[in-house]
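Written out below as structure tokens is the structure these notes cover.
Chain naming follows the written order as A, B and C, and within any one chain the residues start at number 1.
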């Protein structure tokens, strides 16, 4: 091979140019999401802080102009302390915030024990059998079911209870606790509990899969060590495995809850989209709980609204002011979700740093 | 000493095979590669210390030494494979036919076309056999299907794989056996028409039968290519190489004609290693 | 230890030390816990059964004698071939085609935008980006994935249509753009599926062993060649699966398309008009407070069933592709 080796080939330049262009395209695509996120936040934020320009209306608008000057922006302190209203400048998200809060708490109460329990069973108890495979396949398919189908299920199973109780409308089950009674309407109808149960079904697959991953990451040496000390399987799980997997489980649960918080479709089909001018259990502050503790028990069976629903309602409203109210609602919702996401990321980050198995 | 005798015997057998196949002896050679004072670092950690060596044209040079001794690093420095690794840097010069390969105007892609490489684990792409071999020419801009088919056939023939796969060129390369996959990788490297072929323990993951086929192949290939091979196996070095270099802890301890190195090593460490006292 | 001890025969068992199985509260609790956990785990199976039961009884065949299911009133043939969907009019038509058309036009636009961008971002993150940039970008993508669908719908309505589509198409190209239109819904849908495509494809790309990349470089490839001609083909099954999952998500997406595309069932391919998807119909029908038992109410289940079958089919296909064509790297 007497041909001299050439290490500087001019025709390679074209290939390098193509490569560079490709890199730029890919880099641009990565930034695309960030740019959209920025534009979205800016446009929504701008709308949330301004009212639409007042139209030149014929006379008798003296009250309207006073009104426009009295409120500075859609997103103000008043926005948090008032109910929805037919007058856009007086409308707020008090009912929606408390509704969303109740939803999240109830969903967490239902989905965490069931989700973690399922994950523990699948990872710790079941051996690689047909049942486990079946449940696993089922879970991955459930995770892909659109939320609107869950909504239909929630409507059928909780709001109407498959029509089992339609014969005697308005029937309720009175549960006697030691010192007080709770009225449980049957079927659940359009109450918080229906919404919470529907959202629970929706997030369960996510919670289970995330918990399974967290449990799987716990090294088996911990289990072996615990068994060697004479602990039973449940004691090992209860005191060693689950605590060790807790950060991972928490991350998954928070992310799932933040998804539930933003879901509107399931609640719409349940029929929660109504004009609601009260909070569940009439609780609007912590002190109300002490004044009327029974409200805590009544709340799950109250009709409700939630943040995404309230936002949708405002978006659909023809008056321009409501679009700005919707923007203000979106800013509140996004802030809450961002906080939850950040919290989850911080937990995961801490966990990754502090624990080296 | 018996081990010396066995090595001598191996080298002797090889020379007989060489004369039988009319492969010219390796005395009047040019050096293809000239490495001077190469220090190599992965981040803070220094992997090579002041290595200087020449590699003879159209001959097989084997690198031996215990694992972690820097022989693979040295091999990968020759086609700048270490460029991909974050934090890798070096000083010293590596000359390929007198040209500094680390010079700023050198295109690393052009370099790697001239200096092919075969890895320890066979790495067929999950494509057809044909597409695997045609990959190099294709990315280099060869579009003509007839030309590609010719290159594929020639490369597979040179890699002694043609007869086994000629009827199923469109089958997935992953369906081949381990030994066939490794020869496919060699064919794939040959398809870019390199001058130098670097082999990083090409037979260590293969069964004895496949190993001997790959060794035969290397033996054939040295008529046209400059081959540098890293091996764990000293018998293999003795069987196939003309030159052998012994690395230890990042230093090049000794490099000599294979027969001389195995029979009369100059350094104590080399002797200890080839007699099996460590490593 | 004294010597005497060593020499002595085996110590007699302490009273009470028995290794045989016997009833104890600890064992009973173990069994109880196990049963409860199994109950939790089978709840997911129960959910599936409930979904299937719901669709069967409400859409296919009613179990109670005095009610009928949707397909007992409307023939499957009409449902699949009628080109009009008008359950709320006097002259009722139940042809799913306009809804399917709306769904697939919008999901198609979303895929055309979201799939390439998501894949390109995945390639950048897996092949080009520095680890630090990757660590910074991943949470941003997670935030993007966490933005509720209602918000995207609002964004489409108040930003994409008036400030992007109308200037581009109406002012420049003289194409009428409705205030509710399939295009804006498709655009935000595309943005919504980027995180799904990106993170799943990136997982697939990163699972390609390093040796394959090195082999590519050793054959004289540029980074572009290695990324596009070695790594992407090697991760092909994972990428296809991520595409299928993203499309399935786009088809099932509700609020964004409901807000942005409006609720006008239309069998047309013009993306600048209002269209209704299957999901948007379901939301719209529930808003009207349809009484149970009416045919409009039952049509909810028929549409839901169609949607369920399509998305389930795509998910199963995605899993099948992933398992069937997965290249096995040890």
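The rule is short, and it goes like this: a residue touches a chain if its C-beta (ideal position, glycine included) is under 8 Å from a C-beta of that chain, and two chains touch if they have at least 3 such contacts.
A quick note: this is a predicted structure, and the numbers were derived from the prediction, not measured.
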Middle chain, criterion being Cα centroid separation: C
Of A-C and B-C, whichever chain pair has more C-beta contact pairs: A-C
Euclidean distance of C-alpha centroids - chain A vs chain B, Å: 58
Chain A and chain C, separation of their C-alpha mean positions in angstrom: 16
Separation of chain B from chain C, taking each centre as the mean of its C-alpha atoms, in whole Å: 49
Contacts with 2+ other chains: residues of chain B: 109-110, 139
Multi-partner residues of chain C (each touching 2 or more other chains): 222, 225
Residues of chain A whose C-beta touches two or more other chains: 15-16
Residue numbers on chain C that touch chain B, as the complex places them: 209, 211-222, 225, 229-230, 233-234, 236, 327-328
Complex contact set, residues of chain B against chain A: 96-97, 99, 101, 103, 105-107, 109-111, 114, 139, 141, 195, 224
Chain C - residues contacting chain A, complex: 26, 29-30, 33-34, 36-45, 47-48, 50-51, 54, 57-58, 64, 116-118, 120-121, 123-125, 127-129, 137, 139-144, 146-151, 153-155, 157-159, 163, 191, 194-195, 198, 222-225, 227-228, 245, 248-249, 251-255, 258-259, 279, 282-283, 286-287, 289, 292, 300-301, 304, 307-308, 311-312, 314-316, 319
Residue ranges of chain B touching chain C (in the complex, touch as defined): 79, 81, 84, 109-110, 112-113, 116-119, 121, 123, 125-127, 135-136, 138-140, 174, 185, 188-189, 191-192, 198
Contacting residues of chain A [partner chain C, same complex]: 15-16, 18-19, 22-23, 25-30, 32-34, 36-37, 39-40, 43-44, 47, 113-115, 117-118, 120-122, 125-126, 134-135, 137-142, 144-149, 151-153, 155-157, 160, 162-163, 166, 201, 204-205, 208, 232-234, 255, 258-259, 261-265, 268-269, 271, 273, 308, 311-312, 315-316, 323, 326-327, 330, 333-334, 337-338, 341, 345
